[in-house]
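Dropping a structure here in structure tokens format, bear with me for questions.
Which chain is which? They are A, B, C and D, in the order written, and residues in each are numbered from 1.
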Amino acid sequence: MVSKVLVANRGEIACRILRACREAGLASVAIYAANDAKSFFVELADEAIALEGDSIAETYLNQRQILEVAELTGADALHPGFGFLSERADFARAVSQAGIQWIGPSPSAIERMGDKMTARITMRDAGVPVIPGEEIETEDEDEALIAIEQASTRVGYPLLLKASSGGGGKGMRAVERPEDLLEAARSARREALAAFGDGRVYLERLLTGSKHVEIQILADRHGRTIHLGERECSVQRRHQKVFEEAPCATMTEEIRSSMGKAAVAAAMAVNYEGAGTVEFLLAPSGEFFFLEMNTRIQVEHPVTELVTGVDIVREQLRIAAGEPMSCGELHIRGHAIEVRLYAEDATQNFLPAIGPLTVFQPPEGPGIRLDTGVRQGDEVTPNYDPMLAKLIVWAPSRDEALQRMRRALDEFVVLGTTTNLRFLRELCDVPDVVDGSTDTTMIDRLWPEGWTPTLPIEFEDGALMAAAVAESAGLHRKASVSATPNEHSGPVSPFMTLNRRYP
Amino acid sequence: MVSKVLVANRGEIACRILRACREAGLASVAIYAANDAKSFFVELADEAIALEGDSIAETYLNQRQILEVAELTGADALHPGFGFLSERADFARAVSQAGIQWIGPSPSAIERMGDKMTARITMRDAGVPVIPGEEIETEDEDEALIAIEQASTRVGYPLLLKASSGGGGKGMRAVERPEDLLEAARSARREALAAFGDGRVYLERLLTGSKHVEIQILADRHGRTIHLGERECSVQRRHQKVFEEAPCATMTEEIRSSMGKAAVAAAMAVNYEGAGTVEFLLAPSGEFFFLEMNTRIQVEHPVTELVTGVDIVREQLRIAAGEPMSCGELHIRGHAIEVRLYAEDATQNFLPAIGPLTVFQPPEGPGIRLDTGVRQGDEVTPNYDPMLAKLIVWAPSRDEALQRMRRALDEFVVLGTTTNLRFLRELCDVPDVVDGSTDTTMIDRLWPEGWTPTLPIEFEDGALMAAAVAESAGLHRKASVSATPNEHSGPVSPFMTLNRRYP
Amino acid sequence: MQHQFRTPEGPVEVTVAKQGDVWHLGEHRATVEPDGRLRIQLASGGSALATVAKVDDTWWIHFEGHTFCLERIEPGASQSGEEGGLTAPMPGKVLDVLVQVGQIVEAGQTLMILEAMKMEHRILASTSGHITGIHFTAGEQVQQGSVLLEMTEDED
Amino acid sequence: MQHQFRTPEGPVEVTVAKQGDVWHLGEHRATVEPDGRLRIQLASGGSALATVAKVDDTWWIHFEGHTFCLERIEPGASQSGEEGGLTAPMPGKVLDVLVQVGQIVEAGQTLMILEAMKMEHRILASTSGHITGIHFTAGEQVQQGSVLLEMTEDED
């Protein structure tokens, strides 16, 4: 039984989970750092408890303090979201030992999949194809560098260095030439050590021209382990996904079936429970290779929800409560696309940006979903990930979904902070995106010198004129009209003679 | 071929259609009365043309002027939306004669279904069951009253008087007792004459305890006439729908199949083209009776879109362009509920309200769709229908959809104009709604003395305190924080030395 | 500070006090958030945000899923409009006047028919009595709150 | 009225004139909508709404699907910051300093490594030259726009 869920996360995914708890009739507890006191997710929780400390390590990564909050509030389940402590087996273990239901797989499943090298070995043993490469187990920097150098000659160039504890592109480096290997390895190890406390990196051959395709998994305690079809997430910049879709445009029933089987086998190999994702590289030949398994909910889960009709977070809650999952046969309908709105400057190599969200007006209408943790008036700070929102569209066909995404992005207005909105909009017109032939190197290939917007000169004139008129008319000194209406009457309330006095 | 669509409507349905045109790559033209110059739908169109005149008759019902705009702008198709001219056969004919594609069925189909008495006779001839009742064809008031009185003894009480040209509850009266018949008939005739220019009314037996169930139809020029399953719209106040869902909670595959067949037969009997709805009363026995056919898109079409995955407006555009419809086999997934947010006072017999939308904050998150034509800062005027928005949710099951609707309504904030928001929220907790045993008289049965909110006294205390603190703190004199940020820096733009001078 | 508001149950006097950033009303507490909303902590322990907006003299409050409409009574303002007048509930057009001055009417009797938002609305007598004044005829436009008719209540 | 704005291509001077409610800039026209947006009618015939917001001295403009960020140059303000300084592109922490004062560096060489938003960012030399100043050491926090290092450009 689960009755009160502590959400050990922040931002849009905390909002997503807290709303699911509300809908499921579960009480909810949010935790927040001081700089999140006014964030939207804090409002959505039944209870919200401030965490002491300034850094992420002292707050959202502080296992002891989070467990204290769980005890204090009487939470009997904990949802870790993604990032932060979501793939920390030691935390999952501590939560369980405190008598609190961990909403996710067992600590041992997290461990075996969380260490990317162990996962590669586990998958190889289970008969799932992995990318050609070599594990480097040593933790010692000098020994590791020597081993990396030796392994590189066997793996061949171009190659990828990946942190064994990594994720989200952190501690990952593509190396084109032998002479760049050592600096890249040092840098990857340093970033990995800072981010995960584990500097180990391993080598994989860099498979160019491949698609990043991943299978969503659900497993309950009643003997069912199923997959919900695939997502394609090839479009990445800085090794981070930016444009995701379901289904994959080039998927065949045959590949879906064998990839789905491999993913279910991967999950069953570690006695998986809950929601998880098995990531593959899909080569143009139709061959696919295991990349890694994410033992948690993923950022891009909404595209799967829209095409399968399964509420994945709600199923996570059900499974954690010991109930059987409620979804039936896999039935994929239509097409869904997600783009990630980042506070970043796409013209400056996607450098993160900060600032106020002076205007934040998302698009509306049929087939549009917005998952966000921010509101107009909020502040984008350098403290956390720069993702502001996920804009997701569904339509009966892929063409219609792209048309809808273009329309939605055209309606979206964000002022006060630089975002990748225009980059996302122009992505929708790229021939590779239009015809579905996206691969993981597309952005680097299309814009080797960096991206700049295609901007008719007249639009720039219009913007300059707008600024000049706005300044001349003093628009910045006027309150918005809607904030201070003063010429209207509310309805007239009839009233009677009873008097009350307060207090 | 269709390339440019004139949308002869306003408000949320105009927004819905204009966005569909944008997505389909069609140019669009909006028409608007002076009091709509700042309405949202005007912004969404590629071109917007002001109509001359003040009254609805001079603007949105002015066939001549609308045809002139179509010619002026070179529109080659016209979408009438619902209400206004959407069911005027003479207009459909004039549009076609002007060489413009009417997005809807043929004038003769509109005529035969639009006159409710003719429709009853057509359906009876086609073997579709109709409600026991009598048509009164005479237009003369005195003759009609005599005929109504005579027919009433054969039909029996309670009975319904319905305008032959009616719709939306206008010109409709329920009569419980013979002594109320004449005043009700005069009033219904007067309202019908004012609204439709046709005072004829007919009699039907009032079938209490029945559900209002309707079937969505699509027919193209390539020989396909299909149905998209049913919607249940039993929950009505003042004969207007307020809570709609798909599928109907008590529907069986057998009844859906026979009702669907009857609806397709009805459409084929008039050589129907495009989207339409065949309305039935479904008795507790499982018997169903033809009510009427709406030869246009309906307010509640989104619930069908969400459960079938068909974009009905997009299919209308396709069918009008002579293409085959794109949807395949009927496959109903999950459950969708729509509630209609009206500017009205639910505690005063749903009397329409007006005022500014000082705050208008719709809910967000997965599974929520909002179709609206208003924005925060807009004004609700007495000129048009008081419907502000349609809030639609989808979830895998009916229970989950209700849970989601409760959550969404809890998040919805509207200030400045009285709405039925709380009424809608409490509807979601009514046992009849929860167990799906809604019928058309539910609201009158549950609240014979009118509805009042269930309000814990402490919440009223909280509100009084909020008002007192807001007044004391002078919150009405402060601009909103988000409107005038002043303590943040935008990103620093590097700049070079090139100088330009404008103009 | 002390304010009077009209509620459906009649005028209510509310006195709130401020200590530091916290407002007090008995055991209830409130603080003003940076975005202009109010955090209300009720004596029972519940806590929720109130969204507020003022339109003319009326505070609109959204709190715990309910919307309240509280007209502030200016200190010293006279209270008028309570007796006799039958006012237009909304702007519209008079369709028909069914009574005459001097006529005796019963509670619930239809006195006038208005048309607004394409619907008919009936103005009913709330008590039995005599019609003492009729201010509009069929076809005339009326504003919200316009006094349409006047009547005196019959004494029992 | 005349204003100067910084654009990616350099400062631009814009002169707009008002006739009645309509603003003019050459053949372009603009009007202010009641909600604070601007209706811009371009000389080419296109017309669209611009959403505007000012943050400090910078006007943010959304127009035709593009977002512009135009810093207004106060009349008479001096133009500084153009030479020599290598500034922090965003707030963060210095992870490593890879050069020393006096060192000769080449264009593209990594001078400093910052960490912000959990990612590493490299500060590169934009030209070849000499390092003349280093203002932060590893472990220190920096604000956006802080001058991190100074260098002189080598003459060719």
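Going forward, a contact is a pair of C-beta atoms (placed from the backbone, for glycine too) under 8 Å apart; a residue touches a chain by one contact, two chains touch by 3 or more.
Quantities reported herein were computed from a predicted structural model and do not represent experimental measurements.
K.L.:
Please flag the chain sitting at the greatest distance from chain A, going by CA centroids.
P.N.:
C
K.L.:
If you tally contacting C-beta pairs, which comes out ahead, B-C or A-C? Let me know.
P.N.:
B-C
K.L.:
If you average the CA atoms of chain B and of chain D, how many Å lie between those two points?
P.N.:
Averaging C-alpha atoms per chain gives centres 49 Å apart.
K.L.:
Based only on mean CA positions, could you tell me how far chain B sits from chain C in angstrom?
P.N.:
29
K.L.:
Indicate the whole-number Å distance between the mean C-alpha point of chain C and the mean C-alpha point of chain D.
P.N.:
About 54 Å separates the centre of chain C from that of chain D.
K.L.:
Enumerate the residues of chain D that touch no fewer than two other chains.
P.N.:
If we look for residues of chain D contacting two or more partner chains, we find 7, 12, 14-15, 25, 28, 34-35, 53, 55, 60, 69, 144.
K.L.:
Going by the touch rule set out above, which residues of chain B reach two or more other chains?
P.N.:
353, 355-356, 358, 377, 410, 416, 418, 461, 464-465, 468, 476, 480-482, 485, 488-491, 502
K.L.:
Can you name the residues of chain B that touch chain C in the complex?
P.N.:
170, 187, 190-191, 194-195, 238, 348, 351-356, 358-359, 361, 382-386, 409-410, 413-416, 418-419, 421-422, 425, 453, 455-456, 458-473, 475-476, 478, 480-482
K.L.:
Give every residue of chain C touching chain B within the complex, in rising order.
P.N.:
1, 3, 5, 7, 12, 14-16, 18, 23, 25, 28, 30, 32, 34-36, 38, 40, 42-44, 46, 48, 50-55, 59-70, 72, 89-92, 95, 115-121, 144
K.L.:
Which residues, counting only chain B, touch chain D once they are in their complex?
P.N.:
On the chain B side, the touching residues are 38, 43, 377, 485-486, 488-503.
K.L.:
Please name which positions on chain C make contact with chain A in the complex.
P.N.:
6-15, 25-26, 33-35, 49, 55-56, 58, 60, 69, 71, 82, 87, 144-145
K.L.:
Once bound in the complex, which stretches of chain B touch chain A?
P.N.:
Within the complex, chain B touches chain A at residues 15-16, 19, 22-25, 302, 305, 309-311, 314, 326-327, 331, 333-334, 345, 353, 355-358, 364-372, 376-377, 379, 395-397, 400, 403-404, 406-407, 410, 416-418, 461, 464-465, 468, 476, 479-485, 488-491, 502.
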